[in-house]
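Next come two complexes, and both contain subunit A; in the first it sits with subunit B, in the second with subunit C.
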Partner chain A sequence: MSRPKAVLVALTVLAAVGLPFATLVIWSLADRWFFPGLWPQAWGLRAWSYVVTTAGGQVITALWQSVAVAFVTAVVAVLVALPAARALGLYSFRGKDAISVLLTLPIIVPPLSVAMGLHLWFIRLDLAESFIGVVAVHLTFCLPYAVFVLWGVFSNYNPDFESQARSLGASRWRVWLRVMLPMILPGVIVAGLFAFLLSWSQYLSTLIIGGGRLITLPVLLFSLMGSGDRPVAAAVSIVFVLPALVALLFSARHLGGKSLAGVR
Partner chain B sequence: MGALSLKDLHIHYDRQPVVQDFSLDIGDGEMVALLGPSGAGKTTILKVVAGLLAPARGEVIIDGQVVNDRPPEKRDAVMVFQKPLLFPFMNVNQNIAFGLKMRGDDAARRSRAVERILALTRLAGLGPRKVHELSGGQQQRVALARALVLEPAILLMDEPLSNLDANLRQEMRELILTVQSELNITTLFVTHDQAEALMMSQRVALLLEGRLRQVGSPRDLFHRPADPEVARFFGGGNFFRGRLHEGHFECDFGRLPVTAADGNGHLRTATIRPEDIQLATAPVDLPDSFAGTVVRTRFEGMATRAWIRCPFGELVVLTAESALAPGQSVRLRLPPDKIRVFSEASSSE
Partner chain C sequence: MARPDAGIDARTRRGPGPTHLALMLLPALVVVVMLFGGGLLLGVLQALGHLPGAGLERLSGMHFGRVLTDPDFIQSFGLTLYVAAVSTLLAAGLSVVAALALNRMAARWRLVHFVFQIPLTVPHLVIAVAVIFMLSPAGLLARLAVAAGLIETASEFPLLVNDRWAIGIILTYVWKEIPFITLMLLAVLQNAGGELIDVGRTLKADAWQRFRHITLPTIFPALGAASLIVFAYTFGAFEVPFLLGRTYPMTLPVWAYKHYSDIDLMARPEGIATGIVIAAVVAMAVVTAQALTRRARKRGIVL
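For the complex of A and B:
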């Protein structure tokens, strides 16, 4: 990349990611910040000490809940999406177009409506206010996303590699583990990451199905915002964003499709 | 190391018959070419032998055992695909060792076997390379090495040279021949290139539209094709009708003494290869000849192909005479010993 281009990219990234994040940091460090002031009138660590000490237990519990829900959702989404996406990507069969429309439905219908629609059933099934119930409602839109990502991966996948591996003496199981998985790993990571982040940022559906019993970070965040304490909300927001950011950075090299080269 | 016997194979894709009535026996250590145009069903047959596809009917027998119910990994028949299909996440050594690892060989054994096969396939020193750092020819050799290292009873090769340029292809042919005879692996070698089939194998099996049309030595198929379609596939032309009568073939070109078997009085089709027709530009040069006029010519390097109008039809001639011009008068002679009379009255000519 040439120098001017690199600078441009850096500026874009800074503007898109840095600015909103910077305001969060400033807010979290403000003790007082009233309207006409461009900067806080007084700086301080009040918000952070509140988050770490007074609300510390709550934040840790919420953080743990969020990680657990998002992680389980992502793993289940990828595991279920894999065979479906494989069939969609490799074989042509009747009803394929219909399936692709059906899959977009949960994506375009707001999670709120889905959650409200499912709420009664979940109560009947004893899934309301439970971990499994929240994971299930997150799956309604995380799963289609995962299927779409992996569908793309499998339409660029050459199953002859598997035949070759079988012929060289690998059993069906080992072919999946040692040939298919390494080949589609970047796609699996991207799909899992999408599902994780989607679940991570859910508020309404978690609130409805979780019924206030399952407090994830967004739920905690909203309740803190409701109290009107902006520095505290900003500090919790940073706690909320950081794990997602770490997950993104961790898998950054798999994004952008570069590592998908050579699949065919 | 193993004999392969295919008995009456019928293979379908979604009820669509692709290969029918296919039977072929390959002896221990033999190299047989399965020859046919694109779409004839060659890959399909290899996949059935490898166990990657189930036949609708028929048996695959390796070393006297019916292996129809054995999965590919338990067949001792290894297929090398048309594309190298090297695993991109492994280096050359790991690719070659893949089958050994699946089989459970320990690391020391694996590396010994890999070293040996690298040397044999002239890949020595390339072991640590990444797959995408190899040329096309090297990739194909790694693919071959990856199969050879297992020393399978049966080696199945699906047009392994078709993606290589001409020079490299010739080099690879030599390599395959050397390695095959050195390891003495029973080999079924698929190709669509008739010249390749003739030069590579001890026997050739010709497949047209999913049916086995003729099996025999390269000379057999080339000089004694079973029917006009086989002859045409090997570059034959010049089909003409006539009647067998007392050891002679009586046709428009005269009464030609032939060695065809029985069939007195029957209408038959005969052929003569374009390069077997004798051509002379001066009338005195050829006894028993007849006149013709050059219609058009095509220079093909070592020879010139000429279409010549005769009183009884048009003949294609392949001649060393390169100065022919359209409209020129020539004399032609059909040497009787070069004429092939097909035994069945053929429907297609």
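For the complex of A and C:
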């Protein structure tokens, strides 16, 4: 590709991707921006101070709530996914295609359909409006996703190292901890990051199972959009997008970005 | 795990026994079958009129019947199909262009490759908010139009969000889904290498012929599978049409949730029935995508 052409492609990509973020940043820094001004009439940090100070305590609370739900979901998802992914990645057996379909469906079928069905059951189990209930419904798609990422990791993993360690007298636990874990660690972190991200982005299933009691960041963002305070909504949107960028940076470094393809 | 020594032999790498394999797979499969399968099954039962404590003998297709014959359902279904199909086709078309361009771009443009992937991880909600700020009647584009002297007041600006043609929704999806499809295409293009194209060139095929008869057949299975996934996703997603759609007609997921959360409890089974209809459409698209992928693998195309 000739250089001017490449520059053109580069500029198009940068502009198309950057524009929404630039818009959000400018709005979050606008104290007054009346129509039809092309620039804010007054710049300021009102929205950001609302986000970080006690007056905006609800943002901080929602932030922690989101972090807690997504973190617990991601840890459980990775722990449960690990043995299954090892089996799928290392060995060939019948029924693999069926398992692949079974695990793909929860990633794509909207959580809306599942959450509505689960809600009544969760009410009877006392899981509705609870932290565990929300984690459980997020697991329906975070767990299969973690399995897929780790499946890929184990397909490139050579278990022969384990038998060498064992023949040198290492115990089973020691082999897992000192041989397997260090080799698959980047993949484990990426699987965890993306399970975190999937849970972090969830709105409707949190609302249905959490019943409005569990206010996560997206739930708060929706009510902020309703209230019409654009600078604050823009600032919260920026906070909301940060983990996505961190996850992308990390995985681009360690997996060349290939495992990203299934993230929604 | 049951038998730690059953597995790995350095020379033959025999797999562990079937019981051992089953035990490794079991935790994940139990969680998925119970929570996902269970959720759908309970949804179907409730949509068939089952209420807790009432037993199973009263099941009927009444709610499904009421949903499927509701004129609003047909409207919503049509709108949802339109949004999903147009978003998918636009994203697929632009992805082919993007994949060809990025494939020919030298690897030293790493920043571009990285920036291109950003939309993959960004939550839909954030982009929907940004689209409102850009395209609504008081948004950036309208302000630009005033500055350029095209319009004088916000009300003269054409509706681009909460609009009849769902332009805001479609733009949000296209922005989000292009990198997903493009990455799938790039993987195939990079695996295929340039040899076939070179052969085409020596046979004097022009650029269009090379694209039509070499590149397109190579990427087609990946393009089809990725597009079906995008279609399935956009068909069932809630947030974007909820924020950027009109109040009437609504897309199917928004319609389903509206019924589900209605204070009239009789509307609830109908909401759930709608959710099941959505799940069925999405599942069909996913299974078709998987079949496409498998057929492509048999033909030797790496996905």
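Quick notes on this structure:
Operating definition for what follows: the second predicted complex is superposed on the first by the 215 of 264 C-alpha atoms of A that agree within 3 Å, B and C clash if a C-alpha of one lies under 4 Å from a C-alpha of the other, contacts with A are read in each partner's own complex, and residues count from 1 in each chain.
In this text, a contact is a pair of C-beta atoms (placed from the backbone, for glycine too) under 8 Å apart; a residue touches a chain by one contact, two chains touch by 3 or more.
Since we're looking at a predicted model, the values are computed, not measured.
Looking at the shared chain after the overlay, A:235 reaches neither subunit B nor subunit C.
Looking at the shared chain after the overlay, A:189 reaches neither subunit B nor subunit C. Of the two partner chains placed by superposition, only subunit B is touched by A:179; subunit C is not.
When both complexes are overlaid on chain A, the residue A:84 reaches subunit C alone and has no touch with subunit B.
Once the two complexes are laid over each other on the shared chain, residue contacts for A:163 go to subunit B and to subunit C alike.
Contacts of A:27 after superposition on the shared chain: subunit C is touched, whereas subunit B is not.
The partner that reaches more residues of subunit A, of the two candidates subunit B and subunit C, is C. Once both structures are placed on chain A, subunit A residues 160, 163-164, 172, 263 are touched by subunit B and, in the other complex, by subunit C. Against subunit C, in their complex, subunit A makes its touches with residues 1, 6, 9-10, 13-14, 16-21, 23-24, 27, 35-38, 80-81, 83-84, 86-88, 90-93, 97, 99-106, 108-110, 112-118, 120-121, 124, 136-137, 139-141, 143-144, 147, 159-160, 162-164, 172, 194, 197, 200-201, 203-204, 208, 218, 221-222, 225, 230, 233-234, 237, 240-241, 244-245, 247-248, 252, 257-258, 260-261, 263-264.
Those residues of subunit B that touch subunit A in the complex are listed here as 47, 50-52, 71-73, 75, 77-79, 81, 83, 85, 87-89, 98-99, 102-103, 131-132, 146-147, 150. Those residues of subunit C that touch subunit A in the complex are listed here as 1, 4, 7-10, 13, 15-16, 18, 21, 23-25, 27-29, 31-33, 35-36, 38-44, 46, 52, 101-102, 104-106, 109, 111-127, 129-134, 138, 140, 142-144, 146-147, 154, 175, 180, 183-184, 187, 229, 232-233, 236-239, 243, 253, 256-257, 260, 271-272, 275-276, 278-279, 282-283, 285-287, 290, 294.
On subunit A, the positions that touch subunit B within their shared complex are 158, 160-161, 163-172, 174, 179, 182-183, 262-263.
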